[in-house]
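Below are two complexes that have chain A in common, paired first with chain B and then with chain C.
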Partner chain A sequence: MAEAEESRAGGAAKPLFAGLSDVSISEDIPVEGEITVPVGSHSPDEDYSTLDEPVKDTIMRDLKAVGKKFVHVMYPKKSSALLRDWDLWGPLVLCVSLALMLQGGSADSKEDGGPQFAEVFVIIWFGAVVITLNSKLLGGTISFFQSLCVLGYCVLPLTVAMLVCRLVLLASSGTVSFIVRLVVVMAMFGWSTLASTAFLADSQPPNRKALVVYPIFLFYFIISWMILTFTPQ
Partner chain B sequence: MATVDDLKFQEFDDAANLLAGNPDATTISIDEPSENPKNQYGLLQDSRREEDDELLGTDDSDKTELLAGQKKSAPFWTFEYYQTFFDVDTYQVLDRIKGSVFPIPGKNFVRLYIRSNPDLYGPFWICATLVFAIAISGNLSNFFIHLGKPAYRYVPEFRKVSIAATAIYAYAWLVPLALWGFLMWRNSKVMNIVSYSFLEIVCVYGYSLFIYIPTAILWIIPQKAVRWILVMVALCLSGSVLVMTFWPAVRDDNRRIALATMVTVVLLHALLAIGCLAYFFDAPDLNVLIPTAAAQNGTIVATKTQ
Partner chain C sequence: MSVSVTSGSRLGFPEPHSEARSGAERPGPVPPQPRGMMSGPGGAAGAGGGARSGAGAEWGGFEDNLQGGGSAVIDMENMDDTSGSSFEDMGEMHQRMKEEEEDVDAEAAAVDEEDGEFLGMKGFKGQLGRQVADQMWQAGKRQASKAFSLYANIDILRPYFDVEPIQVRNRLLESMIPMKMINFPQKIAGELYGPLMLVFTLVAILLHGMKTSDTIIREGTLMGTAIGTCFGYWLGVSSFIYFLAYLCNAQITMVQMLSLLGYGLFGHCITLFVTYNIHFHSLFYIFWLVIGGLSTLRMIAVLVSRTVGHTQRLILCGTLAALHMLFLLYLHFAYHKVVEGILDTLEGPNVPPFQRVARDIPVVASAVLNTTAKAIALTL
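Take a look at the complex of A and B:
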């Protein structure tokens, strides 16, 4: 704008843009806009180091993070480490191993058998999504993936229970083994529910805590039921 | 509908007082049957209005309907819009469940408990619990019934969960949709005092299904008489909640249509219960046949060896 005014004021004798070097933006012309220099989240040195590190280091870093979260689940103190750095590797591994262990070879028997792999997978992930949506709709302050992360990691005690049940069923399948399995599954179900409640209940408004805890209870109850009623071929 | 809203708003403060003071006055409001000449009903109108006040609670209907219209102001594609359907506290949900299990005669469930704050938490989670309660109880009951049989192998019967889920969620959402559509259609023909929004009907149906959860768990007992008594009790309790809720909405209509609507509502409710009982729970009298067959086999073998 300033250049156009200057060239018009100078008359037709001056060539176009001749007075450009004299142009200065005066104070009464407001200059607006955002002048920000985007700062990259990684400085060049950091990029350099993670690209060049051995693959073992990269994998071990993620594995250590997952392992640390497993420990947090087994000993649920009110630490927020699980919430802050969420990841979904642990839940995926747990879900896949639980679904695999629930396949007792019932695929080749008649249809009314145990749950198929896809059914277990869908129940766990769809159930976790529904519970997260429920807690967010009730006014919870936790983020979507943090809640998925916590619910997925707290399936760990139930996966341990599934392992124990399979080992007990290898030994015998009478009433005694059923009682042992019942006790183990009930204990792990209580552990799972308490662990996930310890992490999730703080982010809810206090007069709605029970409304949020009940679906978590139902979710782990259904998974426990699937583990308890597992019958090998 | 803007003119009707204007008319309602003008009488916002006075409707209850006017009606209480001068029951025979003709009021210009969509909620009142102003076209009925008083010499046809006379005393009946007074008693009906008292009955309405009892059934409607202490609020007057146009105030609560106005509030219902003003509450959901967020556009439907935002998350906040759906949060308004979960605006309940723990004690409110528990109160609503209690109101659906112990119906107070003469009190309307919607006006007493919902009060223009319908929630979707109750219907959704009660249906989910009911699905798994029926599937698990059916599985357990079949296990106990067939326990003695030598050829019986326990199977978890996981397929039945999806069937139960389809049936119950279809009942809890499609039947309220049909009922709401029907009531809207009748509302356009006959002016009713009471009309419910779709969410309120979903809410009533969802909470009325709660009684079936303990019923399903008690159905594990393998006695036919016990099971049928449970069905009757559950049906009486939740059916009466439904009838008391919807009777004011169809009462002003043609007598036959009103009765047919009520009968259909109760019949569908009964059909759900009996259908679940028949499909998920095996008949317990098989237990009686097996010992007699084994006894017969035993006697045949005994005679052969002799």
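Take a look at the complex of A and C:
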């Protein structure tokens, strides 16, 4: 900085920075001090190191972030919190709990308990990856992990439906319970699809929204079908 | 004219156009060649001179506009930043360092002598900082090029997904309508979105059918079987028919074949969706003949229009028709309750009435083939 001042004052006769192409890195002036870059979108509590805080604070902060996203999914307003600070904790928890609840429900032999868990896991993640790739290839502006985050979080209504179905099946397992389960699962399926569409469809060109919504519809349809046909043994 | 040559050649582009426009008597396809010949030597000389004079002029323009005398605001972008903190500066510094390397060495040596005495590391700090920044620049460049090549792979598929919903709907409907025009090659849209979505829909329908028929698969998963069957058919039969088309000299590319067969699965989806829910045997056979037949006829017409010679047409279309119709038959009978009924009636009193046999996949395939043959023999 000092030398620039000098060169400007001394070189008033010649045009400023005319000799810049000749000047290379001449003197090594140590740069000291603190450089804080004012970034508007970050929260103000990030300018101290988070390494010294108690572990409870760290965990609670992450849990609160996950919980806030759950609330966003249940009441899908057009906020960008879900998209901006993506994380995959919530989808992992939902996926594992759904897979655990769906386990061991289809066959009478013990061997089918294992593949059931892996099946649900693979369907959810593989399906989410395919939908994300599809939306990117159709010209979407959303990033890969943001899309995975949204699709994973929107499995929440279906997990709630699974809980309700399990409870209903504990009570009775006749036609009435089937109708109740059908209604609940269909409602939650609609909710999931609408929630994820509300977040994802904005990132697409407007005339192609239908092309992006259809795979999401298929994806949640398959998960709903697995929930509906679940019968405990 | 000379003025336009100099200013245009710096950018490289406007000059050829002005040349081509001035020589308007040249016919359409010819301009690229004379344009190249004429602008080559002129452009190179002009570009060299223009670049150098332009660089001086541009630098002068910057100084005049941005740094007024006595202004307290310093534009860091134009300053010679020794800390090397930004990558763009590192890139520029690379170029400048290559040009005046002697100056750097002389000045660095002088600095080391001056400052090395009373503040030991000061001289080193600048060079160390520069080296670290240099390495960071290289690493960043490597990572960026790796990431770019990863994304470039996705971009290879992008043109095949460039569709509108209206187009997809039209193509779905057209896949059921055979066109009689077999003297001119019929147009096939090389698009992959529709076929991919149809394959996934078929997977979903198969899952639905397997669940309602309580299919038990021991060494695999329901989902894995459905995905494997549908994708295997789409990719495998497409490749096989493409290979046959290559042997029979048919004019069709791989993407077009994938697209054609994918849209042909639309008939399968409709048939299976209806007959998995309404379990009438005769209804299935009617659907099989009518809807399966229509989509097969459409594919056959397209292939015939693109093949020359009777034998080749026969081979290609016969194979495709057989595979397509038999696949629909297989899907219906392999994953449907009806299998148990037929097995019971055919095996007679040997099989106890309420036994549900857990089936492995290879066993299923052979059982289904037997069943299918017997069913066809029964109905004929």
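Here is the rule we go by: the second predicted complex is superposed on the first by the 173 of 233 C-alpha atoms of A that agree within 3 Å, B and C clash if a C-alpha of one lies under 4 Å from a C-alpha of the other, contacts with A are read in each partner's own complex, and residues count from 1 in each chain.
The rule we apply is simple: a residue touches a chain if its C-beta (ideal position, glycine included) is under 8 Å from a C-beta of that chain, and two chains touch if they have at least 3 such contacts.
Computed from a predicted structure; not experimentally measured.
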So, does A:Ile222 touch the first partner chain B, the second partner chain C, both, or neither? both
Tell me the contact category for A:Phe17 with respect to chain B and chain C: first, second, both or neither. second
More chain A residues touched by chain B or by chain C? C
With the two structures laid over each other on chain A, which partner does A:Asn134 touch: chain B (first), chain C (second), both, or neither? both
Quick check for you: in the superposed arrangement, does A:Glu119 touch first (chain B), second (chain C), both or neither? both
Regarding the shared-chain residue A:Asn207, is it in contact with chain B (first), chain C (second), both, or neither? both
Partner chain(s) touched by A:Phe145 [first = chain B, second = chain C, both, neither]: neither
If we overlay the two complexes on their shared chain A, which of chain B and chain C does A:Thr231 touch? Say first, second, both or neither. first
Overlapping contact positions on chain A, where the chain C interface meets the chain B interface: 111-112, 115-116, 119, 134, 136-139, 207-208, 210-211, 214-215, 218, 221-222, 225, 229
Spell out the part of chain A that touches chain C in their complex, as residue ranges. 1, 4, 8, 12, 15-18, 20-31, 106-107, 109, 111-112, 115-116, 118-119, 122-123, 130, 133-134, 136-139, 207-208, 210-211, 214-215, 218, 221-222, 225, 229
In their shared complex, chain A is touched by residues of chain C numbered 59-60, 62-64, 67, 69, 74, 78-80, 82-83, 93, 96-97, 100, 103-104, 107-108, 111, 115, 122-123, 125-127, 129-130, 154, 157-158, 161, 163-165, 168, 193, 196-197, 200-201, 204, 207-208, 211, 216, 218, 220-224, 358
In the complex with chain A, residue positions of chain B that touch it: 79, 82-83, 85-86, 88-91, 93, 121, 125, 128-129, 132, 136, 139, 153-160
Residue ranges of chain A in contact with chain B within the complex: 110-116, 119, 134, 136-139, 207-211, 214-215, 218, 221-222, 225-226, 229-231
